[in-house]
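After this come two complexes, each holding subunit A, first together with subunit B and then together with subunit C.
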Partner chain A sequence: MTRWAFHFDASACSGCKACQVACKDRQGSPLGVRWRRVYEVTGGGWTRRGAAWEQDVFAYHLSVACNHCERPICLEVCPTGAITQRDDGVVLLDAGRCMGCRYCEWACPYGAPQYEADAGHMTKCDFCVDELDRGRPPTCVAACPLRALDFGDAAELEARYGPAAVHPLPEREVTRPALYLTAPRGADGAGRVANREEVRG
Partner chain B sequence: MKRPSVVGATTSSERIVRVGCPAHNCGGRCLLQAHVRDGVITRLETDDRPDAVADPQLRACTRGRAYLRRQYHPDRLRWPLRRVGRRGEGRFERISWDEALDLLADEIRRVRDTWGNGALFVPYGTGSYNQTNGSQTARRLLNLYGGCLGIWNSYSWGAINVATPTVYGTLETGNQRQDWLNSKYILMWSWNPAEMRDGTNSDWFVKLARERGARVVCVDPRMSMSAVALADEWVPIRPGTDVAMMSAMAHVMITEGLHDDAFVRTHCMGFDDTQMPAGCEGAESYRDHILGARDGVPKTPRWAEPITGVPAETIARIAREYATTKPAMLYQGYGMQRRAYGEQAVRAACVLAAITGNVGVPGGWAGGLALQAPDGGPFWNLFPAGDNPVGAAIPVFLWTEAVLRGRELGAADGVVLDGSVPDGRTVRDSGGVGGEVAPDPDRRLPSDIKLIWAVASNALVNQHANINRTAKILADESRVEFIAVQDNFLTPTGRFADLVLPACTQFETWGVEDGWKYGDEVLLMPPLVPPLGESRSDYAICAGVAERLGIGDAYTEGRDERGWVAWALDRYRATRFPDLPSLDALAAGNRGVHSRPVGTPAVAFVDFREDPERHPLPTPSGKIEIFSKQLHDMDDPEIPAVPKYQQEWESPFGPEAAAYPLQAIGHHTMARVHSTHANNDWLAEAFPQRAFLNELDARERGIRDGDEVRVFNDRGAIVIPCRVTNRIMPGVVDVPQGAWWSPDEKGVDRGGSVNVLTSERWTPLAHGTAQHTVMVQVEREAGS
Partner chain C sequence: MKARSLVAFTVLGQTAVGLFWAQAMAGWAVSGGDAWLRGPLLLAGALMLAAGLAALLHLGTPRNAWRALGNLRTSWLSREVALGGAFIVGWAVTVLARGARSPALAAGASVLTALAGAGLVYAMARVYRLRTVPAWDTRLTTASFFLTAASSGALAAAFALGSATSSTGGTQAVGVVALAVELGAEAAWRARRRAAHELVDAGLNPHADSDRVARWRVGLLGAGLLSSALLWLGAAGVAPVSVSRAGVTLAFLIVIAAGVVGRDRFYANYARRGL
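Let's look at the complex of A and B:
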């Protein structure tokens, strides 16, 4: 059966955050909760040569939600069994069984499970399963103005895009994410996250 | 009137209505699917029609997707307010609609009787222009009441509206965007379509062109969203020096023989001294200027390097790439023309396109404003403002001058006094009339401005230059005697109102829109929910005033908002969209959009290229005017006949740099549409208002990322947190424009409105805004 995965073209993302906001609109997420968020990674610098400025600055963006991993650490650490995985790979969180201990938040290397203080429990991306079940794309994918975000069957995406890694995402082996990437320039590890205040909870 | 009871597909108690995004003036026109339940909009999805190059999905951007935070903001205006306390203090009391409409009608009548119709003024504003919401509704009313002081030109396109026709004789210099896929080289110069949009999908079309092999280079002081997503190379350039780099590129082309000499011979005027217009035989040609034949200064890349900060080798390489990769586009954005000599940047970019022969060919690009071929593209607004009997219009940026010394303003100030006020074009974000007017130098405006009625406009305070100056002018009740402000929120402009009128949002009344510059679609905007509180559409408010002035029937012609939308659809059907269904059919079908697919994109100037004798341009010479006799005859050193780099009046090379060494720019941020959405918390979460500072400038000042900084000059100061970044050139600080001015008790702006720092001085030819030409200093804020 299909095992759902995202493809993100990090070489074509402008960092506009239509995905982040479309997701918030769908979920009515409060401030600070971003099931999908966009990291700005930059590197390089400036050198003065005579009257000219030379630079090797680079920048790219990473739009990251839950990656519905093949080895979901969140599920493994959850003490109440609130987190489950469907046969199609989608990792779901049952708010009614979540006691808000936040172990999953600490365990997930992508920051996918997010705590909603007012509700007193965790929340996370559900891959818009209701849309998937109706044959429609997830809201974030349908939102992308540059068509840089896509979804599909994990095996097909892996065959097409391979296991590219983009700094500073964790090594794939940690959780085996259902996320396939097209790498941008500068993806080899020299960059740093430049917009921390825009991505933290 | 026959109307369907419900618009939209219904599933149980929820309707999903396809509707044009309120958009404001963002540069896009997109489709939303609004979920409506029990009179409340609960969710906004976007276009899910099939996605094709000829007829692409109109996917809404971040702003459109965050719209519900604006729609249901607790600060929405719900009822009319009357000022108590001093003007500008921001204290108001609730009044009834009858009191409010009586007050406005009485004041219009009183000011007209005292000062004449020329004292009435509806300022520029693009907070809405979807027919029944927007400033055009008030302009129609005043025009029917004997007229008002008109405006021409726009804040967005001041210089480019006027400078483009000096080269091409027209503003319609653009190809349809599907043609960009034919380009092999795209030079995005000061152009950031991924963020300001410049047509829904413009960024996507550049992406497609790149996928088909085009090399894309972005010239900009900032590594913009577009530079990151779309460009193979970013060339940072010092703001305001674009013409120096363009001139140096021309030098490389001319000296290395890379220009298209055959095209220049047959299609251009004034390239060298063999083709000067009659009467200008001895004047300096473009070639003479570039080679330094007269001034002894060849405009080489080495000359341009210290001006632009761009390495000479880079300039020469970009020149060779652009000149030898065919066909190539040099797309000029609008930021670089909102500067001291913005007209020169427009003309210089057009000239590069001309001398490389990229005019009139698929995949090429003529430059200039580039309204799209073959018909000039969308209309923006159709609602009839009517003829203005006052017959006087000021350049839109000069309204504070018309308050202070209107009766001194004449043709030399760009004032149009010949009665041919270009009616609808004053509302449309376009419409240069420069050069078409035969001015009478002795005539002056009939009055200073005495009454301002700002509808969907925060340009009165927040978006106009030099806020502290403007605020002082408006606070003086002896000058402007009455100010009415009509909006969704109490904006910084609203604080200066004597009367505040609550307008409903575009989700609460009928409207219709077509593409913005590009796009061949008509988008319907049926009301989704009732107006909040007592708010009303701009049209309904104006109709109420019209009735009190005794011109109610003339104003409405018996139509309500829906009736005017049907009227507008008839106009679209008679022009660009012959297959457009009726309003009833459009609404019943719930498609939201009617599009005209572009299979074979039109290319501007094809006929002219093929046969310049049979199809001359509408310029005086019929050719591309690299040298403009029209400008030459103005005999003004600030308005040269061939495009020239001129040092700006506030510059890192001037004495002002001693106290204020940094250039400040205010780019169009994804967080706002100008000042609309400035109070939208989801957008502020995504893109908080920050001063963006290069890491070297920050280090020199002991500033760390996140510190509060003071950005200031003689005109004012703002204090906001900073973002230290390597994505901006050293020497430049970016304060994204449109944040709401929020002065503290000392007058320091804590909101981060860049216009606290900008200057009211206008460009020499267009009398347009030069708000991006501004020098500042940045310091770490003590105690932060």
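Let's look at the complex of A and C:
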């Protein structure tokens, strides 16, 4: 059976946020709630070598939503059983069962569960399951103008792209995300998130 | 992280459990046990109910709180709720058995409730032992929750009785040891926070740790240790120390304040791996 996963090419993403906006537009989510977020990671600097100056400044973007992990820590910690996983790997949240304790938000290393304060419960990316079930791509994937975001069967994506690591995403073993990456320059850990406050809203 | 209701829940809940342990330790040694029925036992229940109410305040949808038992298989939060419920039921049975002058039932219920309380404190700690949150995922978390229960429970017992008596000497000794260990563990916590900070993106928690808060915590723990030691010396008859009711109340409040400051800092140091 197909197990859905995302592929994100961080070397191609320009940080336009079309994916984030398309997702918000589709879900009609309130201010501050973003099922998909685009982080900007920057690093490097200028160093003097003799009479010359050299620079290794870099920046790249990470478009991150729920990664529908193989070991979803949100599902593991949720006390009410509001979070479930389909056979195709998609992790779903039933808002009607959620008590709004925000424990999943603490635990998820990708910030995927988002709290909707007015409603008093969590929400999260559902991989646009209704689109998937109709054979169509998730909205974020369809919206990406640079084809930096893609989706497909996890085994195929892993065979094609391998388990690349991109800072500051956690080690794969923590939750085994259904996310495969093409690493950009500087992805080895020297950078830091420059727009954290902007993402927090 | 704004966690006032969780600070209240954990500190009050652990104090309730520690107080129940104290009355269980000393209750068997007190003939008749009436003082223990009126004071510490009732206070333990009141504190646990207050803790439960504080926990409800944390929820976005309290009407769904009953669903919290829905994932006992993998969620420590679910188990925490179950053990909290078991503690309250055990406490109620103990009160009723003591009221009905049924010592055998009271002793049995007391032992089971004390065990449920230990389970509750352990589950409380495991809730925070998340593999994605390095500052919390340490045995120090578990140790610190048990130490809070022991130290604040001992002082709560003296507070409920209005004084430390010879029958509470053992309880007060446990409280003194717990406070001394908590004070000693401060250095270990500091080292842990530094190590954990290396594992997360620095921007995740710009407010982590502060020297001012650390000084408050150490000062309060030191004052709590001193007053607790005086209570113990008087209760055990080691020295001719007599502490007034106001003094006992002050000592209790100091230890609770140390717990609150420590727990508030615990939540403030939240920073997860990743984004």
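The rule we apply is simple: the second predicted complex is superposed on the first by the 192 of 201 C-alpha atoms of A that agree within 3 Å, B and C clash if a C-alpha of one lies under 4 Å from a C-alpha of the other, contacts with A are read in each partner's own complex, and residues count from 1 in each chain.
Rule of thumb we're sticking to: a contact is a pair of C-beta atoms (placed from the backbone, for glycine too) under 8 Å apart; a residue touches a chain by one contact, two chains touch by 3 or more.
Note that this is a predicted model, so its numbers are computed, not measured.
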{"item": "Contacts of A:L31 with subunit B and subunit C, given as first, second, both or neither", "value": "first"}
{"item": "First (subunit B), second (subunit C), both or neither touched by A:A117", "value": "second"}
{"item": "Contacts of A:R192 with subunit B and subunit C, given as first, second, both or neither", "value": "second"}
{"item": "Partner chain in contact with A:G152 - subunit B first, subunit C second, else both or neither", "value": "neither"}
{"item": "Subunit B versus subunit C as contact partner of A:P109, first or second or both or neither", "value": "second"}
{"item": "Which of subunit B and subunit C A:V77 touches, first, second, both or neither", "value": "second"}
{"item": "Which superposed partner A:A52 touches (first subunit B, second subunit C, both, neither)", "value": "first"}
{"item": "Contacting residues of subunit A [partner subunit B, same complex]", "value": "12-18, 20-22, 24-26, 31-32, 34, 42-46, 48-55, 57, 59-61, 136, 139, 142-148, 194-195, 197-198"}
{"item": "Contact set on subunit A toward subunit C in their complex", "value": "37, 39, 62, 64, 73, 75-82, 97-103, 106-111, 115, 117, 119-121, 168-170, 174-175, 192-193, 196"}
{"item": "Subunit A partner contacts - residues on subunit C that touch it in the complex", "value": "58-62, 64-65, 67-71, 74-78, 81, 127, 130-133, 201-204, 270, 272-275"}
{"item": "Subunit B residues within the subunit A interface of the complex", "value": "43-46, 48, 51, 59-62, 65-66, 68, 194-195, 201, 203-204, 207, 223, 225-226, 228-230, 234, 236, 305-306, 309-312, 670, 681-683, 685-688, 694-696, 706, 723, 725-727, 729-730"}
